[in-house]
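In the two complexes that follow, chain A is the common piece, with chain B as its partner first and chain C second.
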Partner chain A sequence: MTQVLPEKAAAEKGFRRPTGNSRWRKWLPDLGQSRGTTPPPAMDARTLFALAILLLLVQLPHLLHLPPWVSLIGATLIGLRLVLLKRPDYPLLGTILSPASVTLLAIACAWLIRVDYGYFIGRDPCVAFLFILVAAKFAEVRRPGDATMLLCLAAFLLLTQYFYSQTILAALVTLPAVIALAHALAILRDPNNPAHTREQLKLVITLLIQGLPLATLLFLVFPRLPGPLWSLPEDAAASTGLSDSMSPGSIGQLSQSDAVAFRVEFDGAIPASRDRYWRGPVLSEFDGRRWSVSPRLLEANARFQGEAADIIDYTVTLQPHNQRWLFALDAAVSLPRADLPSTRLANDTAVVTQTASTMGTDQTRSGRQRAGKAMGRLMSDGQMLATSPVTQVLRYRQSSVLLDTISASRQPPDSTLFLPGTNERSSRFAMELRQRLPSDSAYAQAILQHFNQQPYHYTLQPQLLGDAPVDEFLFDTMAGFCEHYAAAFVVLMRSVGIPARVVTGYLGGEMNEDYMIVRQSDAHAWAEVFIEGAWRRYDPTGAVAPSRVEQGLSAALPDDSFVPRLARLDKGWLSDAQLRWDALNHQWQRLVVDFDNDTQDGLWERLGLPKPELWQVTAIVLALTGLWCTVVLGVPRFSRSPMLADERSWQRLCELLRRRQLVRKPAETPAEFLQRAALAWPAQAGRLHQLQEQFANLRFRALSEAEQRQRQTEVRQLLTRLRWSLPGGSESLTTNS
Partner chain B sequence: MNQPAPTRSRQPSSQGVASLERMPAAELGEVLAQLERILMGKSEQTTLALACLLARGHLLIEDVPGVGKTTLAHALGATLGLDWTRVQFTSDLLPADVVGVSIFNSHNQQFEFKPGPVFTSILLADEINRAPPKAQSALLEAMEERQVTVDGVSHALAEDFFVIATQNPGDQLGAFPLPESQLDRFLVGLEIGYPDPATERALLEHGDMRADVASLEPLLDARQIQRWRKQCDKVHLSSPVLDYIQALLLASRTAGTGLSPRAGLSLVKLCRAFAFIQQRDHVLPDDVRHVFPALAGHRMTGHVRSGHQHARELLQQVSMP
Partner chain C sequence: MNLLNSKFRQRLFRVRPEDRLPHLVSHQRVYIVPTGRGWAFLLALLLMLVASVNYALSLGYALCFLLTGLFAATLLHTYRNLAGLQVTRIEGGECFAGESLPFSITLTNNRSQARHGLRLATANAQLSGTRLEPQQNHVVVLQLPADQRGIVPLGRLTLQSDWPLGLWACWSYLHVPTQGLVYPEPETDPPALPLSSGDEGDRSPRSGRQGDVSGLRIYQPGDSIGSIAWKSAARGQGLLVRTFDTDEGVGKTVLSLQNSGLQSIEQQLSRLCAWILQAESQQTPYALHLPADQLPAAHGREQRTRALQALALHDRAPIQPT
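Now for the complex of A and B:
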């Protein structure tokens, strides 16, 4: 803002000079101060007000992610313009909102945004700049013609909101803005219509509702572009999730979050909770304190020797975590593929037939590979990497076999044996133990027993560890979280020359309706040891706290420790509601947001139709649009005038009596007719008389709107009561139904 | 420079809603009761006569002598506090006998206008179809223009000038029937008819009410009548009722002499006045049906009695929208 002030002062000076430079004056707002010249037609207050409301509603969803100062400037500009509307003779304000000073403000803001974000070409700064520009345009708007442009800008700004979130909530938040947009359009379309705002809103909402079927139709059949419309430069945004390194306490911290890591839909049976090891980054590099991902990774083939019937197929919906790894149940036997509903079925039948005929190993896999395009690679350490960092919600198909042993074709790299030599006590302990035992596997079992029998315990709040964290943990504190146990286990293995590595990922997951939610609180670390030519999974946490593996985090921790609410065992109604909401959002993501051109092709297939040509789609859309317009415009019931409401009620009453053999003569007045009805049913005479009064008032009297509405309600109640109390009422109802 | 700021605040519009001040229920009731006391058993006719007066129209009564035409005029005048005059129309009546005449005043050597009986509030023109057309038209012009012109000088009539003309049924001898165009100037055509047996019995028992008329207290004055007329104009006429009125006018034109647009306007006025007398601020279709024969009968056939019959048939044919 400080950049703006000198300019403002200059503009003011130039303005106050009565015989000012004509070049200057051209840029200053003409608000009637320049006597003698006729002011250009100004935008009327109603349009301006509608636009202000629209822009504020459009700005609202952006407030969540914009820097506060940007939001403040944007809202202030709109507020100032409204003040100017009320006080057009306030000279300073007019100068501030002149095109020249607003342009300077926008330039200053661009610079500030560059400073604030550190870069300019990217999603966040560009949206922030657009936000400022739209508000600035509104601030200096004078001519009525600018309104259309502002509407387009507002619509675009509203769309950018979806760069950040595409959940149901995000869609709902934009709904008021959409209504305001339609309202502003209606005002622009018919500026002289003095209809009340409420009436106009009613009209606009009716129009929007009438447009819904058309929007749905276009959503379903309008040809889609493959892939996103434009790819945005990535913004470094912090998000929770596993990282490419692990130090004591890092997973413990992650467990405090009940954010969703990913969701899984299983095609068949759901694996038992102790088998739900979701493999993530594999950490083989160790520097004495930190574990990290090996920088040299080779691509591997997804191999599986065994029965194809053991294969578990599922679909993962991964939340963006800005890293490249994808998660799969241990061990993955396919590459992640795009999720195609139509090919899924065909593919599965292919698998079954192949299993029946052959052993079905590599062929099965290659058969699976053909289905969709691969979305990532499988590395030699069993870790899956996407082709690019996951910055948007990603859905992929995956197949796994529940195995805790992965046979390796090549020798483990040396890095899986490396120890920096800081944990001497552990090494000594390991050597002594190994010498007493016959085999590597017996040694591994012995260590698990050691964890189990010695007073180790499982806690989220371990003590801080010093330079030799493994030594301190193993012999001094004896309390830790899964990463402590996994790290210590691997160190003990490597100390005696057995290759070992830490695997991070998630263990567990919770079923919600028909899919599984895996949360950050399920984050876990375990060990893999290379014994007898295969990588074998050892989970030392299971030896200390078996319930962590069987039942999840909260079962393994003492009651008083902090566990995220949604990871707890006993859940309140709030968690229930949250899970429902999650299920809804998951469906939304699956059915609406992920509806792309592949899904669209699947839609035609499901209808049993060949994929139509573009002209056929156009013809279908035009025909259905025409049909719908005929329905909407042709049915006169849609015109809602209060007069017609009375007529409808009156027709209902006539129909009601006609069914009971009392037909109104054409020349009969309502009063005469109802008097005749009262003679026919003397028991209902009072009610009929009341109706007669009400109708006489409703149809023939000038009533205020409120009274009219109230009387209409009364008439409806009377009609309902009359329908039930007239003889033959129930009969006619049953015959109707 | 001290220009007052334009006032933005607007009162919530009350136009059309509760447009009438308090309905003068008590006064109306009293007036109707008094009229009926004089003209026993004829509330129908007295109400219509009052409606006609409030609608600024003129009244034509067609009936045999002796059923109370004069009494009605007398009662109206006395109750409403208006002065009234009676002119007996005869075959030798001259226009000057009705409107007045200019007489040469020998004192000041000038013509002086001597106003005729038409300069009054209520004029009872008895047996109007006995007079020759010239005299009839003099009266009818006065009714329409509410002024008379004698020797090039116009003289305005009373503000609430109201003519009650009576005529004998057309088949009597020595009558000059009013042409249709003249009949159109009467808002309402009524029959009084013989009293029903019970009323007649009471009449015979208690004697003539005319003696009482002289002792009647006026319940209203001219100013109040003006106020009521203004209130009548504000009575709400909804669009279904207007549709109905229009349908009636259309139907009348397909058979016989149709109703003129002036008749349509008069019908609207009469409906409003009638609804007002019923103490309503809106017109019901029932009001239209009630007043329609009185308004349309004499216009469509030239005779009140046959006209009423014709109008009732028409009402049965036109459907309520």
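Now for the complex of A and C:
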């Protein structure tokens, strides 16, 4: 009997199908659909829609980072499945969405992803494949049993968006998806007997809200394991920000970006604009055109140089740039360490006294430094390197002293003197100038003066330079950006045998409320020259365009040149709003995204408690969970029905009268009972009669909801008045009538 | 198996041999475990947590814990959906073999919220998707398959629900010694009713109405509409029923195993059952003579019930008082 039915249904289906199709249908591969023997999908439209909405919401944030073709295939598969739902007899569609062809498509996509990314076993290609897989699974989903797997995959895909962005927006985008996930679960529970969608959504949101305290508790106390459990082959992610090499134009390009490089919170006074040299990669290798980082770097000790009172303590929140540089104000006197927010609040005074008592020693530094472990190393060229590439937002504490001279313990390496010999005109110019001057430092000053007095221009759009870029820049174009000046300066130094190198980093930064934003548009390059046993900073850009150093990029450039909007001086309301948004994002970053083991420990300290043992944490969690259970179980009235209000009022009235020794007899109607009450308290007969009428109306008349509510309010008022007017009370309850 | 049925199991699972009605599903008697989908969901959560740990995704942790909170809140709601439910009454019905035996179960929802997605099941029957409105009694009818005549106990009743999200299944067992009665299956095409033992065979079965009206009596439920004395009803004398002058000696129908003319006892009972129904539809009084039970001639609802019960219980244990 059961076997006959599908064939019959199929026969009917086949009958409806336009006959013209049979001509070309025979050319299609037989994928189980071509004979028209498909049983109709067992999954109903409502379930399918709920799943489709869930998947679209999950897919949405991924569209930002996936290759367009992956997004397109994923979204199309979902769309096609919905079309198939509306038009189940559409011939080609059934074939496309059959399990076999969808599997083939998924395999093909896996191969394409391999080609597109160049590798497959990695985070990004796997996310792309999961994206396709979820859509493909949905495309061929037939039975409610498949939906379980689909939901789990969707939940995981929802998580993977955080690989790419953990902003407030990313979190907000997740919420509808979570609601859709729970809603899909609710529908899948009993597809045949679904409740109203609004009711379902209300229920689901209630569940989520009730789960929220537990979620928060877990978020706060769940131990954060340090370090990755495994690592996939490095994802070849494009880096933003400074790179390990510099060729003419590279920093100029970077300066056109508004993107945030890092944010800084200063513990004390904020350094002046011209002192904010954030040291980044130091480029000492030169091949005639391209400057790059020396491959042979030695580790150096973080040395304290100078007065302790000059020390500036601050916290850097570095955006991921996929490189190992960490940035610090020149010159760093500590290693970057993990941030412990609570100790900062508590220890500020302690820091000052301690500094005053033991000034200028290494012990002071370690004493001032909080317990966090070092997050990077300081190299011999003054550059700080993290232990691994910064792929996530990194927060570290740092101390610096504002110095433009770094004393060097060892002789500079030969590479800081090397010139490929391509810039002959520059060399000749340098020799002649040096011979006329008494000292190296006078020579360096003379060059700065040369830049200042000769018609050199500071511009973001310099002309393209040829094989001898320094020569061309110095003598022909005479227009360039900071990297041109820094490079030319270093070349002129090396030409006369003075070791010199290019330092890249950021200059400046803009205060936003209580913290500083340093953007990519603040990227800068300057020179360091080894004179008299120390590396001295020379910024030739300052000689050409002093306002660049004093006020920032836009002040130094003519008005018509392109400057990123947020780097301009007059900003208007839009950038004001953007700064507020950035402030919010910064707080979010600090409080939520950077929540880690150290912050966790800080929580206890903030509460004034010692760091608890594991069993204590467990006990607290269990106790709070128990409390949560009690509260959730004991708050049952989230869907109170209006119908019951009159019932409750009636019970209240009965209780009221019972306490005054008037007990309703089992077979007594409300009317009879209240008449008896009116006899007992003739003064209240009017109110009792009113009440009786109201109860009868509420129970037996078809009233609108608003009217019901109004009448119920009246009943409650009557009851209250009755309570106060009736003599006697609960004291007379001692004897049972 | 032995161990499972032992007292140990009763203690362990607090399974009492029988429950008394009205029965309140107390928290001690509610069991709750994740469903298959619930386990899958947990596995997904675990994987998500591992990914969050590995990539130090703070929002990943947050998402995991949000879903964990949802999972836990669902547990409480699933539990609360079942706990506190009251089973007020269970009534076994009757049916003929081959039909389904109805057990009407009265459930009382005392709280101010509806209870959803309730599933009632016994070893061989189930009823799902029951929704109980707040503060109301609901009668649900569970249909047990009944293949053989006799007494059919309800057995262990399972009250079950996976509302609201289908992640947790919670259930409670109920042992109420309730039973239904299954009559023999009436023969589909029975021969005509046998007539009195006096002059057998040559008289066609006569219906009661063919006799003379002997008097009136007060209407009782079950009396044929055709026998109501409408004239007297129209006169305002209330519903009266004409009684007929049936000749006991001449037209008496006696049904017994012997005159069914069959060998197998079940077939005999089956034919007797059909005859009783036939006699009832014809309003013919009949007597039933079984080895254990002798019913004098009569007809009407009461006679029918007693006769069918006698057939159902032939050679079976008597009905236990419930």
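Quick note on the criterion: the second predicted complex is superposed on the first by the 525 of 737 C-alpha atoms of A that agree within 3 Å, B and C clash if a C-alpha of one lies under 4 Å from a C-alpha of the other, contacts with A are read in each partner's own complex, and residues count from 1 in each chain.
The rule is simple: a residue touches a chain if its C-beta (ideal position, glycine included) is under 8 Å from a C-beta of that chain, and two chains touch if they have at least 3 such contacts.
None of these values were measured; they are calculated from a predicted model.
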### Query
Does chain B (first) or chain C (second) touch A:513, or do both, or does neither?
neither
### Query
Which holds for A:594: it touches chain B only (first), chain C only (second), both, or neither?
second
### Touching partner for A:632 - first (chain B), second (chain C), both, neither
second
## Note on the structure
Counting residues of chain A touched by each of chain B and chain C, the higher count belongs to C
### Query
Does chain B (first) or chain C (second) touch A:224, or do both, or does neither?
second
### Query
Looking at the overlay, what does A:310 touch: chain B (first), chain C (second), both, or neither?
neither
### Query
Across the complex, what residues on chain A touch chain C?
123, 148-149, 151-152, 155-156, 158-160, 162-163, 166, 170-171, 174, 178, 181-182, 185-186, 188-190, 192-193, 195, 203-204, 207-208, 210-216, 218-219, 222, 224-225, 228-230, 392, 592-596, 625, 629, 632-633, 636-641, 644, 647
### Query
Any idea which chain B residues touch chain A in the complex?
16-17, 19, 236, 238-241, 281-286, 289, 315-320
#### Entry: Residue numbers on chain C that touch chain A, as the complex places them
36-37, 40-41, 43-45, 47-48, 50-74, 76-77, 79-80, 111-114, 116-117, 128-129, 134-135, 162-167
### Summary
Per the touch rule above, chain A residues touching chain B in the complex are 643, 666-672, 696-697, 699-704
